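In the two complexes that follow, subunit A is the common piece, with subunit B as its partner first and subunit C second.
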Partner chain A sequence: MAEPSTRPPASGHDKLMIGQSAAGIWLAHAVLILGILIVAFPIYYTFVASTHSLQTILRPPLPLLPGDRFVENYWEALFGGVGRIGGVPVGTLLLNTTIVALGIAVGKIIISILSAYAIVFFRFRGRMFFFWLIFITLMLPVEVRILPTYKVMVDLGLIDTYTGLIVPLIASATATLLFRQFFLTIPGELVEAARVDGAGPWRFFKDILLPLSRTNIAALFVILFIYGWTQYLWPLLVTNRNDMNTIVIALKKMISFADADTEWHLVMVTSMLAIVPPILVVVLMQRWFVRGLVETEK
Partner chain B sequence: MSPRVVFPNKILPYLLLAPQLAITLVFFYWPASQALYQSMLREDPFGLSSKFVWFANFRKVLSDPNYLNSVHVTIVFSVATAAVAMSVALLLAVMADKVVRSRGLYRTLMIWPYAVAPAIAGMLWLFLFNPSIGSLAYGLRWLGISWDPLLNGSQAMVLVVAAASWKQISYNFLFFVAGLQAIPKTLIEAAAIDGAGEHKRFWTIVFPLLAPTTFFLLVVNTVYAFFDTFGIIHAVTGGGPGKATETLVYKVYNDGFVNLILGDSAAQSVILMAIVIALTAIQFRYVERKVHYG
Partner chain C sequence: MATVDLKDVRKVYPGGVEAVKGVSIAIPDKALCVLVGPSGCGKSTLLRMIAGLETISAGSCAIDGKVVNAIGPTERDIAMVFQNYALYPHMKVYDNMAYGLRNRGTPKDEIDRRVRSTAKTLELEHLLERRPRELSGGQRQRVAMGRAIVRNPKVFLFDEPLSNLDAKLRGQMRVEIKNLQRSLGVTSVYVTHDQLEAMTLADVLVVMNAGLVEQSGAPLDIYEKPASTFVASFIGAPPMNLLPLRSGQFEGAVTLPAVPGNAATLGFRPEDCEVRVEAGGIAADGALRLLARVEGVEPVGAESFLYCQAAGGRIVVRVPGRTELQAGDQLPVFARREKLHFFGSDGKRV
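So, the complex of A and B:
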């Protein structure tokens, strides 16, 4: 046990609980640091590779420190265009992916908040039926209906369009359920008071419900942005044109182990550019993200 | 549910629901019903005529050795991925629960992989371990291990499991940390005063109390390994070498999209649908209830 002290224990320092030893704490730090090294290593390695020349990458082992080609490699990839994917610059891919991820996140939030609003704050014929109709979509992920969904996309002429990349993914049972759960905790007195004051459904939604949902929306936004950014199967199905690819799909197309002419330095740069934006979103919005994740999924 | 105060509007709620329902019907229910219908059709090789064959496609699929192989692959892959991702995350979470100093920093550094697309996670591991340019593959060869995941099926499996679990560690870590924080510290201290060692405290108090979290994560990790790892398989191994890493979802894609065997692919889709329904039912029936217990 720590000695009695007149000062309050400074927060941020390890305090020993009963039954804990200092050695145990050091061991815990050691295990955590090792864990983080393992978790971070693949990303660090790719970053290092992205700053070396193609020749250096082709002769393993790679140096452990970044090389001197950072500016050249990133410039070439972002603006120069990559041969294997039809000369499309990675900048275009980043733009596509950003549009898709934002479209999915914002779209999902809008349509889910509207339907949850209808289900919780109105009484109408078929209310529970519609609720179940939305709920059941949880059980129909794209993976189990690949071909027929693709056919719908072809029939509607949505192949190689942003609409095709975004709209089919914005119906979400999870987000609707989340908003419904949250709305149910809003006391009826609030609705009553709003109605007494003469607020219609739209006023209530805009001035009371939306401000109250701010944290939920922020949390959901992070999760959905990541969801949109990391999509794989869907963009693989609905894009053929190289300049409509998302960065993840383009990256897959850039790699070939059979051919000697894979431009590995550009592959590494593209990987970094595909990883960094969502990581920034998660790390910068960590507070909402962690809360949202742990609370919504339970 | 208590009678809520509601708005008396009659038409507005339908308008509010319309966008979601439209998307759901066009992109979820219609294709799913098509998959059901097609799973009972058989087309001739030229796609000119088709006939209704009831469950013949299912019988064919379920007796196909390639399909059974892919069931086996999926089980091995999912069990290994869930086991690795969960045990590593649990170990790290228990350690993170002990320390106070730099706890926030550890968490920040631990959540990175969550933001990495599964396919890219696969590629990162491939960069490290592919035989021609991977530095770690070079290291393995230097140690005298003949390492070539592009030719050796078991090694390919190890590689995709490593990549899939690596990505899932951060998610599990966050949930285990939250679960550990919910366990009252007094309980553990009481056991310590009674002389229970660290090991014993963990297995008799902490681990049982974590059961709801563990069970929840087990379901989530299984769903993840079944469905969300398509990108890893597609980008890293393409189901190969041979069919050593051909999971169920990859096979549906490959049979339907690449080999164009529509009836079989549809039947496989329907089987997958049944699996998702079962998993979702388990998640909602048991997990919801057990969470309160925890």
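So, the complex of A and C:
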């Protein structure tokens, strides 16, 4: 094997980084492929299981190739309803979860960007007090304040409602702090230029701050959407009716202690369907997401 | 179009720091007034008070005869060019220039006409669709100027607009700003710490120090008759040579002309010195003559600066062209009587 340094640059190996050997590249790829296999195989196997009949699944070993029941299984789950969760179709669960995840993500972004705007750009009495108040809520995640929050929801009659599912999860110190840090990097001259240009607080927010925060908002949206999608504890507490369940809760309810009671093929279908929306969000917003994390547009 | 009148303007920050301690300046219509001084002298604060970005603690600021203390920057009808340009990074050049007009409800076709004609004046036409980050420093500077001009305001305010450009571009833009300001005839206030910029741009030059006006007037008047040792050492490059006098005497001088009784400091500019190896001629008419030892030579091409040690202190002497003198040489330095400046013990001119 030739030394990389003595190789002529245009020999077809010019993609190599300086100081990298071909063996190193092979090793790196082998490790990456192994990692992908480890992550992807369970998902693939779930998919395989979701295309077989319940009988096939209950009679091991499960084949490694997809079966012929793809359309039937998915149709039954999406529109037919699953027995163990009161005959609610998975379509309803997907809708519920989408509403909750979107509500949490959008709500959190709106609340936190506005509070960060107030804290960074306005001088009012008690500014630092409110800042610390928000900061301290970092120490009070849902799990810690779950009983009082539950009581409040019951008293307000918000059990089994989207509002009850969404609102308690909206307040977010993390997102507020993130926006605050970003706003602090916006030069004071830019704010003053906007003032001289006749932009009031609302115009400045709408025309300057919001477009500049675009990438941050996108990155935050991806993270928060998945956060909302995978919520478990709070939806478990605050929903009783089967048709208000989120998909994660329903998935848990579908599985019985007795194997024979569990419609495994539908469980597999539901699992597959549950991971599709987060994947879509990540894939579609990837470009923005990466830019939001690495680039500051100033 | 407008005058700017400052009457005993003060700025006291909440912590009790007094940044501006009572400044009165009257800027006539169409004039370019330059505020110059070292950093922390309050010149930027003063500009920001005219802009309405800082509140005025005491005194009054009037634009076009109308006191504007209580109204915000938008209603003052001023435009400002910032040190870092402060262009909106997400907007195209066109939108950067149009933004202020849009906020004031100018009709669309009027905005378009004004943006395009301003872009033409500043040779920005081909850049209108670009974003600020795709522009060079000089082009950004032009856009910042364009954003100010397009609004057709009563007053332009410049906050060290050239300090981020390289030396060559700075010289070029300086001329351009001057010409533009002349042809538009808009009253302008320009803040800089660069005395060369101040001298070349100003119709009215205001030298500030520690929150107070040290001297104001036409640039060359200030150069020729600095009111204090501070102004003398700030205006002119290299600065004026200042040598202490002890009870009207000056130990290093072979010849010292008649000195005003209360003078504590003697000043003369490096460019007003003459170096003569042979005595005679000018010594007779009451000039200063002293002996100096060359410590360093700085040839710049058109002229050379000699850094010398005289008996009273260090001095700089300018000689035209190149020089054969070297470090260690002794030489007599002359300065004519009318080129000498005398300052009292309080630093004021006598």
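Keep this in mind: the second predicted complex is superposed on the first by the 265 of 298 C-alpha atoms of A that agree within 3 Å, B and C clash if a C-alpha of one lies under 4 Å from a C-alpha of the other, contacts with A are read in each partner's own complex, and residues count from 1 in each chain.
One rule holds in what follows: a residue touches a chain if its C-beta (ideal position, glycine included) is under 8 Å from a C-beta of that chain, and two chains touch if they have at least 3 such contacts.
These figures come from a predicted structure and were not determined experimentally.
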Margin query: Taking subunit A as the common reference, can subunit B and subunit C both be placed on it without clashing, or not? Answer clash or fit.
Written below: fit
Note to self: By the touch definition at the top of the document, which applies to A:211: first (subunit B), second (subunit C), both, or neither?
What the structure shows: second
Margin query: Which partner chains sit in contact with A:195 here, subunit B, subunit C, both or neither? Use first/second/both/neither.
Written below: both
Check: Which one hits more subunit A residues, subunit B or subunit C?
Finding: B
Notebook entry, point to check: After the superposition, what is the least C-alpha distance between subunit B and subunit C in whole angstrom?
Noted result: 7
Check: Touching subunit B and also subunit C: which subunit A residues?
Finding: 189, 192, 195, 200, 297-298
Margin query: Taking the touch rule as given, give the residues of subunit A at its contact with subunit B in the complex, in rising order.
Written below: 11-15, 17-20, 24-25, 27-29, 31-32, 35-36, 38-43, 45-46, 49, 57-58, 60-62, 110-112, 114-115, 117-124, 127, 130, 133-134, 137-141, 143-152, 167-168, 170-171, 176, 184, 188-189, 191-192, 195, 200-201, 204, 226, 229-233, 236-237, 248, 251-252, 255, 257, 264, 268, 271, 274-275, 278-279, 281-283, 286, 289-290, 293-294, 297-298
Checklist line | Sites on subunit C touched by subunit A in the complex | finding: 51, 53, 72-74, 78-80, 82-90, 99-100, 103-104, 133, 147, 151
Note to self: Applying the document's contact rule, which stretches of subunit B touch subunit A when the two form their complex?
What the structure shows: 1-2, 4-7, 9-10, 12-14, 16-17, 19-21, 23-24, 26-32, 34-35, 38, 88, 91-92, 95-96, 98-102, 106-121, 123-128, 130, 132-135, 137-139, 150, 166, 169-171, 174-175, 178, 185, 188-189, 191-193, 196, 198, 201, 216, 220, 227, 230-231, 234-235, 249, 252-253, 256-257, 262, 265-266, 269-270, 272-273, 276-277, 280, 287, 291
Item checked: Residue ranges of subunit A touching subunit C (in the complex, touch as defined) -> 187, 189-190, 192-200, 203, 207-208, 211-212, 214, 297-298
